[in-house]
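Structures given as structure tokens follow.
Here chain A shows up in two complexes: once beside chain B, once beside chain C.
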Partner chain A sequence: MNEPLLRVEGLRTHFFVDAGVVKAVDGVSFEIRRGEIVGLVGESGCGKTVTSLSIAGLIEPPGRIVDGSVRFDGTELVGASERVLNSVRGPRIAMIFQQPRASLDPVMSVGRQIGQALKSGTGLDRSARRRRAVELLDRVGISDPHRRVREYPHQLSGGMAQRVMIAIALAGEPDLLIADEPTTALDVTVQAQILELLRELQSANGMAVILITHDLGVVAEIADRAAVMYAGRIVEECTISELYDAPLHPYTVGLMESRPAASQSKSRLTVIPGSVPVPLDLPVGCSFAPRCAPRVEGGLTVCTEQAPESVSPRDGHRVRCWLHG
Partner chain B sequence: MGSSPASGTAATAGPALLEVTDLVKHYRIRSGGSMVRSGPPLRAVDGVSFRVAAGETLGLVGESGGGKTTVGLSVLRLIRPSGGSVTFEGRDVLAAGRTEMKALRQRMQIVFQDPIGALDPRKSVGDSVGEGLRIQGLASRSESRRRAVEALDRVGLTAAQSRSLPHELSGGQLQRVGIARALVLAPLLVVCDEPVSALDVSIQAQIINLLLDLQAERGLAYLFIAHDLALVRHISDRVAVMYLGRIVESAPAGELFDSPAHPYTRALLSAVPADHPAAARQRIVLRGEIPSATAPPRGCPFAPRCPDAMAKCSQETPAFKEVSPGRWAACFLND
Partner chain C sequence: MVRYTVRRLLQAVPLVFGASVVTWILIHAAPGDPIVALAGEDGDAGYYAMMRERFGLDRPLHEQFFVYLGRLVQGDLGFSYRQNRSAVGVILDQLPATLLLMVPALAIATVIGISVGTLAAARKNSTLDNSARTATLLGHAVPVFWLSQVLLLLFALRFDWFPVQGRNDARTDYEGLRAVLDVAHHMVLPVVALVTVYVPPIMRVTRAAVIENLDEMYIRAARARGQSRRRVLIRHALPNAMLPIVTVIGSQIGFMFAGSVLVETVFAWPGLGRLLLSAILARDFAIITAMLLMLSVTIILMNLITDLVYSLLDPRVRHGT
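For the complex of A and B:
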């Protein structure tokens, strides 16, 4: 049981487009233990979604995993056959997305969609699958599940559609749920309900969760640990309390300080200058160097020459930054 | 009655720049394919009153379907309200004729969530920014071009960028263009409808700072519509909370967030993720979801989901009234 459930090492996923090579994920390593919730945090284009699609073996041309390893419960998934991937993906690693309605089949009833997920993993017959579908809808907090099971996606609100997606994901009783911005499209009260549900499922079923989000508040709400991504790499990995109380990487510090809650009302917010680099044209050295104020203040030249390695200045806290190397 | 003409602003806020009274917007829903018949109207906005003073920011919050955007569009008469009145600098916006409306539009501008949808894809952003001046007949072609470049410079874009087409700019840059387009006409009021919710966190802070700077420089008033409550608290002087087409509470920002008087405000605030993982919080989980605006519940619209509802709440509609100086709420619990 000490072996992590998932171990990602040196993952590189690149996209070979006409304009060049987009290094969307460029050396990502992290682990997740059973029953743990890890928040994968970062802004658009940082590689968090490509990381999760790489784990699930869902990268398609022009994208390709060019290097690295994804070990799930002892099985290597990079380069694995479709047969191996299909035995893992769905039943053991499930995914939910930001736009639940876009992931549901508009012309198939909710019950049949859950039934299909059950078909691939269990030996249940049709009526048993229908009963199980009702149970799952009830489990994710949908009232009147006997009626809802016959409904179609357009009859559901956004919050209910996300609950249905979670029910489908739970059908195979997965060990790992990858949730990609699962509450971003939802109202704040519905978001609170969905996060509560995820936390409850994690503690009842011992399911591990990778929660991909740009919202630091959501991470604080339910994650145990956070991994902060910038330009295709994890720049910092730590517990949630360290993220809030003692962040080390200047990018993480900038993100935390730019939250409105961190400044006086009506005063200017602390900003990270500039914008995220274009992935086709990443700077030499540390990708964050051009926006990094501590680098300028400290007069560091190494940052623009050589990319920093990941170091661990404290137990369980990793950072990629020359200021801490 | 819930639609009393009472304003939701403090008496101390000075003369109103914008005064909205009993605003109503109902939509007719047609259903039934070829056998077209009208169902009950969708009550998007159902009796909303508020004031915005010069230089002030009123934050308008609430969940989707609450009617926030409809209020913003009605204020500028970009849609025609079904009832009520909108007064800007003492002039009746809803009764204004063509010429008067043109003049009003100069003083009241809007910034949308999706700036690219508001820009012509085949025109340089500089031309789009200058267009308002030409339409208003305020400047010649060359003069409007010069002033567009000036406005874009103020929001942090270069003269070279003013010649770009919209698709050549990033989301943050496009929102700067959207702000410049509003700014060039020297408005007194800008309706900001979710101006940063499509942007990345680090870019959001840059745009918020720009809005704060412009307000300090030019004394702009904002009607700031957003669902991000931490952001609204930060930028607003006063906040109004909408639920199912009505304002249920309005108060100075700090007071509203620190001691909400309406159960919906309390539930909404309790759902916001914590500022810190160690912050203990008592979450009020609401039952169900926001009801349809075609069949709003009888009595208080929030009663079916309210954890504190009493028998009377599903019979009578609570009046929107001042419960303490500067704070207004529509709830029997405050009686």
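For the complex of A and C:
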């Protein structure tokens, strides 16, 4: 039980484009245990999605995993054959995406798309698959599943499409669900419903969830732990309560401060000065150094010379920052 | 669906009518006299006059036009001066020969175009893709009459693998299977020439549409539920790419009678293409107008069929969203 379900170590995924090498993911390490929900948090472009696609082996050229390891339940996925990956994707690692409607094939019925996820390994025949698809739709809270199973994606609302995506993901009874911004494109009320559904299914199935989001509120609501990404690296990893009560990395601190809070009636939100570095041209040393106020105040010079290693100042709390190293 | 079809067919009526009127006017505005073409240049003036009277060509042009219209609405497409028969009869006689070339050529071109296009899309910028694209470009660029003649010179005259021209061997009188094989043997070169014309657009459109769809998010989602590269290509990318492919094939069928002129002429194939050419040379008005009318009807019908196929292929079209 000590062996984590997924262990990502030193993962580097680079994109070889005409302008140079985009180091979208540059040394990501984290672990996830069975039944755990981990929020992978960061601004857009920080490498969250590329990390998740790398785990599932879905990086297409010009992108390539150049280094690192993804061990899933004892199997190394980096460099694994397409056959191995095809058997892991779906039944063991399922994914849902930011744009649920665009993630469903427009010319294939909902039932058949769920059926595809059931097909591998289950040995169900056509009518059994159809029955199972109806059950799954019912399970994710879609009303009138007998009718919906015959419908096409354009007949669904965004929220319903995401429920269908979740039904597809559940079809294989996966050990790990990667949810990439599952609620970002949805209405606020629907967001809450989808999150509630995810949490409910997670506790019923005991699957682990990687929840990728830029929304700290979402993480606070359902995750056990959070990993904060910045410029292709995880800069801080801790429990949700620590994230809120005692964040260590200046970037995390900035993120927490820049949340709009209903209790405070500030006219302006706190912002982190500067912008995310272009991944083509990452600064030497710590990627956050150019935007880091505590570095300037503390007069640290090492930040711009050498990248900080990940350290663990507290048990179960890791941070990549010279201030704590 | 039935209602839609009926409505579209009714909409087509004025279109076909207009097309036939324009055709008639254009042909009569063009120089040339059918009687001179029929009876020779230095004929007897009295004979010319007699023939003109017989076919109603002595009447003023506007009267002739109304006679034509009157017959048209009754479904009478006119009378061929040259063949002394109704134009429709002449055309129906030649139609099977043209279909005999067109149907296999289009079927082969569709299979080649879609499969090579899909493979090229799946392996973008590979050797296969680059060779397929080069071949397509050549196929586009080479004039079909030139290609037909080269095929003739090379494979019929030089190597003697195939008969030179015609639909069957005039020297023998085969029956049964041998006759079929003889016709098939004659078909090879013209069909190859036509396939060369038909494949490039189908392949190009297939390749482009499949590449576009392979970038869609549902492809990644399908891969994420364990579908292999191959299954994703065939079950997801290709079905979603079918609309533009069907459009191209539909328009090729629409124009197939017109497109057969050059190939049929080079291979002396007794089909509609050759009929149209000889009718133009002979100023055989009825045949020309009837054929152009048939051409416009085919194109309109193919557009309708293409639209109906859309709704079969894409639920979004079916549900009108």
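One rule holds in what follows: the second predicted complex is superposed on the first by the 321 of 325 C-alpha atoms of A that agree within 3 Å, B and C clash if a C-alpha of one lies under 4 Å from a C-alpha of the other, contacts with A are read in each partner's own complex, and residues count from 1 in each chain.
Keep in mind that, in the parts below, contacts are C-beta pairs under 8 Å (C-beta built on N, C-alpha and C of every residue); 3 or more make two chains touch, one makes a residue touch a chain.
Here the structure is a predicted model, which means the values were calculated and not measured.
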{"item": "Three-chain arrangement built on chain A, chain B and chain C clash or fit", "value": "fit"}
{"item": "First (chain B), second (chain C), both or neither touched by A:Val253", "value": "neither"}
{"item": "Which of chain B and chain C A:Val78 touches, first, second, both or neither", "value": "neither"}
{"item": "Vertex chain A; arms to chain B and chain C (CA centroids, nearest 10 degrees)", "value": "80"}
{"item": "Chain B versus chain C as contact partner of A:Leu282, first or second or both or neither", "value": "neither"}
{"item": "Touching partner for A:Thr189 - first (chain B), second (chain C), both, neither", "value": "first"}
{"item": "A:Ser87 touches, of chain B and chain C: first, second, both or neither?", "value": "second"}
{"item": "Smallest distance from any CA atom of chain C to any CA atom of chain B, in Å, after fitting", "value": "8"}
{"item": "Chain B and chain C footprints on chain A, overlapping residues", "value": "none"}
{"item": "Of chain A, residues touching chain B in the complex", "value": "43-44, 143, 157, 159-160, 187-193, 195-196, 214-218, 220-221, 240-241, 244, 254-255, 258-261, 263, 265-272, 275-276"}
{"item": "Contacting residues of chain A [partner chain C, same complex]", "value": "53, 56, 58, 82, 86-91, 94-95, 97, 99, 102-109, 113, 116-117, 120, 152, 154-155, 165, 168-169, 171-172"}
{"item": "In the complex with chain A, residue positions of chain B that touch it", "value": "63-64, 170, 172, 200-206, 208-209, 212-213, 227, 229-231, 233-235, 237, 253-254, 267-268, 270-278, 283, 285-286, 288-290"}
{"item": "Sites on chain C touched by chain A in the complex", "value": "216-218, 220-229, 235-236, 239-240, 313-316, 319, 321"}
